[in-house]
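First the structure, then my questions, so here it is.
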């Protein structure tokens, strides 16, 4: 069976000073049915833009310049506007970071889910309502009948995110993209939502692309992970492989700088410098100017892929050259 | 909500009472009844005539309650205003109510189309430019708007009278006629001028609202669930954007009744705006007082109406 | 609230001692906007911070931790309680008497962009407080100090003529820290100071704060929701829930063996990258109740997995436990 | 094009075409309905809404334009003759003063037969179904009683007080009203009847009314030509009381005159139509002076086409309807005149140079068929000295008199007129204008010819050599008081100050607001000032009384703002006032003039000259100078007017089409590109 989704050389650019600057740069990955694939990276690394590219929702004036997105054999980038509309929400559903603002504030929550159903399926309002209430129950919203008519502002952040998840699930999508689904929530609520996603995956065999900056969330939920830095994937592999034995200097730095893991009284590991803006990204390895293991040619040459056991891939000159274990 | 409206009404009453007191000080204390009488009957008039005039208009009593606790102008002023007994014009002794009635029609024939067209043209046009945001249509529209709103209404009036009335001869330069057959040609130019003067600012405001609204997260959600662009604009963006738009519209409604001061005056439309301007020019203090008082009342009403309409259209707003 | 004595304050006199701090926000209703109730944002909080030490105040949104910080600084008027700074009750001081203490207590907020005046240059931002407290004899001298401070927070002193928007988020937070340090405070309140930053940047700022503390002997009140940060940075920790401190004590001991069910839930909820494998903690259910209408008795009883009847009726006092105190009947030594 | 783009374009196109079509359908700048074409209608603009058309209250020029057409009066003015000449109106003849044996003077007004009011619902009060009724002498008595009624607030109490028993009637009425509250609720005519007649107003029979005076007051004849002397039916006052949905009489006058009001929206439009009950209309065969076009005028009238054979002796009125539209702003009004929508107009300041060059119409205007009429109005402007002032007034004695004369010698009226009034005005040598008895073209005031050397010499004589006040050693300092604070006003007055500076005087302008200036005049706190007087009636008395002691402003509240007082002047003035226009009167006027010339209490400045424009299709126009409208003599040629209007007012439509096409041309490609790019 072919993978559910194959993304190859996806490149999304934004205009700046008369040229088009890539914010997603030749990103490639495949997703198998039923797996949770995480895109992890710091803000501005292009992970959210990659997700929006999958739905062809890149905000103007950005646009997808190159690459292909193949969903079950169909090239998403070749679809017409109307066909694409049918894919969105039906084949690929998405939930967003900010449940507070991602729901239309003047439309009752239930109606928003009903709209999502009726956009793609010919069902009566009553049937859609029934389905929505059932979905609400499924995602753990207490008093689903009552909550159906509630406006978003009347719900807590956690409940809103559950409504978002219900909306995303309403048409049984093949793929769910969860863009920082728990970042804006309190820890206890975050745990509840993560638990819900885990349940959904277990019960429905849901395929999920999880976009997050939190390696903890990745570790709890994802089967495979791709680490992005400055528009490119720098390392990918099984979650445990990548987190427990990171190869790329950036991944290593990231893992070591998590304070919760650091013993008290010891200085935290730091990655020097900051992520440069897309206009100042180096030509070669994007991490070259912050890398502790930088080589003379890192900044000029794009690193080749180095594949280790269990498809653990890394793009780093130093690793390829055997200079890093 | 009820409590809120009641409280706002209470503030409104206080505001109106304040306005009344201010009016009293201005029109009775600063400008004394003697001044008013002389203005009305002329400098040549004998003291006897002035006394008679004052008596006729009820200005022949002491001003303050401490001068005469029973019969004084202050209490009178408040009693009459609060019972909507506007009395007689100082200029020609005609009942002010009659003047208001006579002026309401012409004012409304001007302000209502102006208001309705303003909304009917302003909202779709702004939606139009917002839809084409960041294209040259949008930029051109914005430039036009800024130009339109930067020009003084007086320039519009004089310019339209010269260009449309004098050179192109499309409509009468000014004037008014109550007969249905010809009324349209008189209000056409003032409406065009009024629209030109107000649309620039309105379209710009509405466009900003629409554009801001289109960049909201819920719009992205709507798109992600498969809404087409028309549906996104019509169902999601419009419904949210209508909240500020609606309040901007609602606040104008009460002022339809006060007429358009400059337009009426320059185009010779005998509406309530003209009544006000005439009262100013003709030393018609009682009419002017009435117009200011009515203006203050309408202002208070407009404020409350706006808040209530806000609460009605936006489920997030609860008036406490 | 509680008459329970503090075993913590027995050593040398602490730098800051907060006793029974309460900050309520009125709820107004009706035609005449009568106050019909209060949101008890902070309800009888006791805290102690030793000089040169770090106290972390942890809790989820709406628990009142931010209000505590602002009430200490009198940015929000407190309803009751005492804030003793080196023995002086800040809440009892007149406005002008407070001025010198403003210098000794500084705050760094979560959103550096919002707390930096976008129209001022970095030099002006950092030297503003110095001027107001008469630090530095001349502009030139203050300029030198600004340069030194920027260097201290690892910013290029040559950038002092730039405006805030020319810096990245982490750099802006460094500017905020430099501004706070400029007036030589004794206590720095960090209100979610690193929460908005990326992990790699967060590590940089945390290291910086640590270095500064070691160098200058500053005390920190570290307000955060991130238990990872707490674990790394704080000497002591106070966990808040709906306006009250529910558990309080030495960080390491508390984290190792939390006594209050809320603390336990909070710690369990934090996603971790460590391979604990089939870690399946059943997360605590439901949402945080509204602080305007908190549950009776123990505020946590609606979500507590170990709830019993007494929790619903009575408010538990702080019971002494091994690492500090816990506001839970389960910690009652009498049990 | 994509289907969406096509939908957009076609929708826009339909909208644009629809808008343009409906636009061009309503497109006309004609402010009048098409039905009015070819009718004898006169179109006039009015700026200010009339305050009141109550004949006993109405006083202003604005109102006179209407009241003059709707109210008939016992006497009228001759349309063409100057000096102003009275002719009989409702009266059979001009009353003459009859000296009664008891020393009283009687004017007997004998009315024409069959004078009927215009149809009006108010006459139902006199009997069901009644639409009108004949006018009777009692109606004029009623009108004068209304003047006396303090409730009416009539400005004509003073002139009518010359009538015997008038003041007593007022007192009786007031006393009765005060003593009996129920009395006030009765209709006015019942109240007046109860209080009893005015001694000097005697209703002899239905067609005869006597006015009895105990002193000579020939000016009363002029008042008989004033609208307040129109008879008023009691029914009108009782009916139009502002109750039961009836308007007030001030907005609904009931008249006998040649026109009657058929539409009264005083803020916008007033329409007068021929009163078919008017005696001139019903009896064209009577050929009375006031009902036919005159056959004689003054020299020049024939040349100006005012004695056209087509009109002479023809029954009045010629125009069937008078349309008055309110125009508050000068420029639109003038533009509408230029479009042919008003038949006559004044000249707006902004276009003066475009219209007039060297006192004549510009060729451009003349080519349009526009005619210019000039009239010198009986409005006299002067620079006054407050005679109560110790430096310039009576107190200063001979010194002050010489100072006044010296100052008079400096003021160059012609230059002032040229600079500030576009030359519209004639310099005044004395108070009486050319259109009024007492004017002598040969008279030249020796102190009104600019002569600075003489002025300096007189100043030396006055004791101010070189303008230096010996008391201070500095130039004599005087104050020029004015209530005009506008820039124009200050410049106008600065001109005088500069003239006086030439002989060394230091005059400072004290400009306050109008009210404060009035206060100064009232208290006599002014020194030198600029002021004017507009005549109410064309009698020299109405000008010369400006220096009568009894008219002193400070003491008696009269119009003698100079507070000039000279017993000899007063004596001669009284004699002059009491006389009809004869040689003796002329002699008295010369004597008064000599006194004024010697005392120089004022510097005679000018008489206002009014310029008015009319279109070629308006006939029989002779500006009257005073406010009486004289519309019944006027005629229009609607055919010429309609043709001219049509030629002048073709709507220019191409800019609208161009604009629409441009709009579509600019937006459609953008829309198409946008939609294509979205794919």
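Order of writing sets the chain letters: A, B, C and D. Residues in each chain are counted from 1.
Going forward, contacts are C-beta pairs under 8 Å (C-beta built on N, C-alpha and C of every residue); 3 or more make two chains touch, one makes a residue touch a chain.
Predicted, not measured: the structure shown is a model, and the values here were computed from it.
S.K.: Work out per-chain C-alpha centres and flag the one nearest the whole-protein C-alpha centre.
M.R.: If we average C-alpha coordinates per chain, B lands closest to the whole-structure average.
S.K.: Which chains, taken as a pair, are joined by the highest number of C-beta contacts?
M.R.: The chain pair sharing the largest number of C-beta contacts is B-D.
S.K.: Could you please state the distance in Å, as a whole number, between where the Cα atoms of subunit A are centred and where those of subunit D are centred?
M.R.: Whole-Å distance between the two chain centres: 87.
S.K.: Could you tell me the distance, in whole angstrom, between the mean C-alpha positions of subunit A and subunit B?
M.R.: 53
S.K.: Taking each chain's centre as its mean C-alpha position, how far apart are subunit A and subunit C in Å?
M.R.: Result: the chain centres lie 32 Å from each other.
S.K.: What whole-Å value do you get for the distance between subunit B and subunit D if each is reduced to the mean of its CA atoms?
M.R.: Taking the average C-alpha coordinate of subunit B and of subunit D, the gap between them is 36 Å.
S.K.: Send over the residues of subunit A in touch with two or more other chains.
M.R.: Within subunit A, no residue touches at least two other chains.
S.K.: Quick check on the complex: what are the subunit C residues that touch subunit B?
M.R.: Interface residues on subunit C, with respect to subunit B: 28-33.
S.K.: Which residues of subunit A touch subunit C in their complex?
M.R.: Contacts found on subunit A: 42-43, 156, 158-159, 186-192, 194-195, 213-220, 240, 243-244, 253-255, 257-262, 264, 267-271, 274-275.
S.K.: In the complex of these two chains, what residues of subunit C are touching subunit A?
M.R.: Counting only subunit C, the residues touching subunit A are 60-61, 168, 170-171, 198-204, 206-207, 210, 225-229, 231-233, 251-252, 265-266, 268-275, 279, 281-285, 287-288, 303.
S.K.: Please output the residues of subunit A touching subunit B within their complex, sorted ascending.
M.R.: It comes out as residues 55, 57, 59-61, 82, 85-90, 93-94, 96, 98, 101-107, 115-116, 119-120, 151, 153, 164, 167-168.
S.K.: Which of the residues in subunit B come into contact with subunit C in the complex?
M.R.: For subunit B paired with subunit C, touching residues are 3, 6-7, 10, 320.
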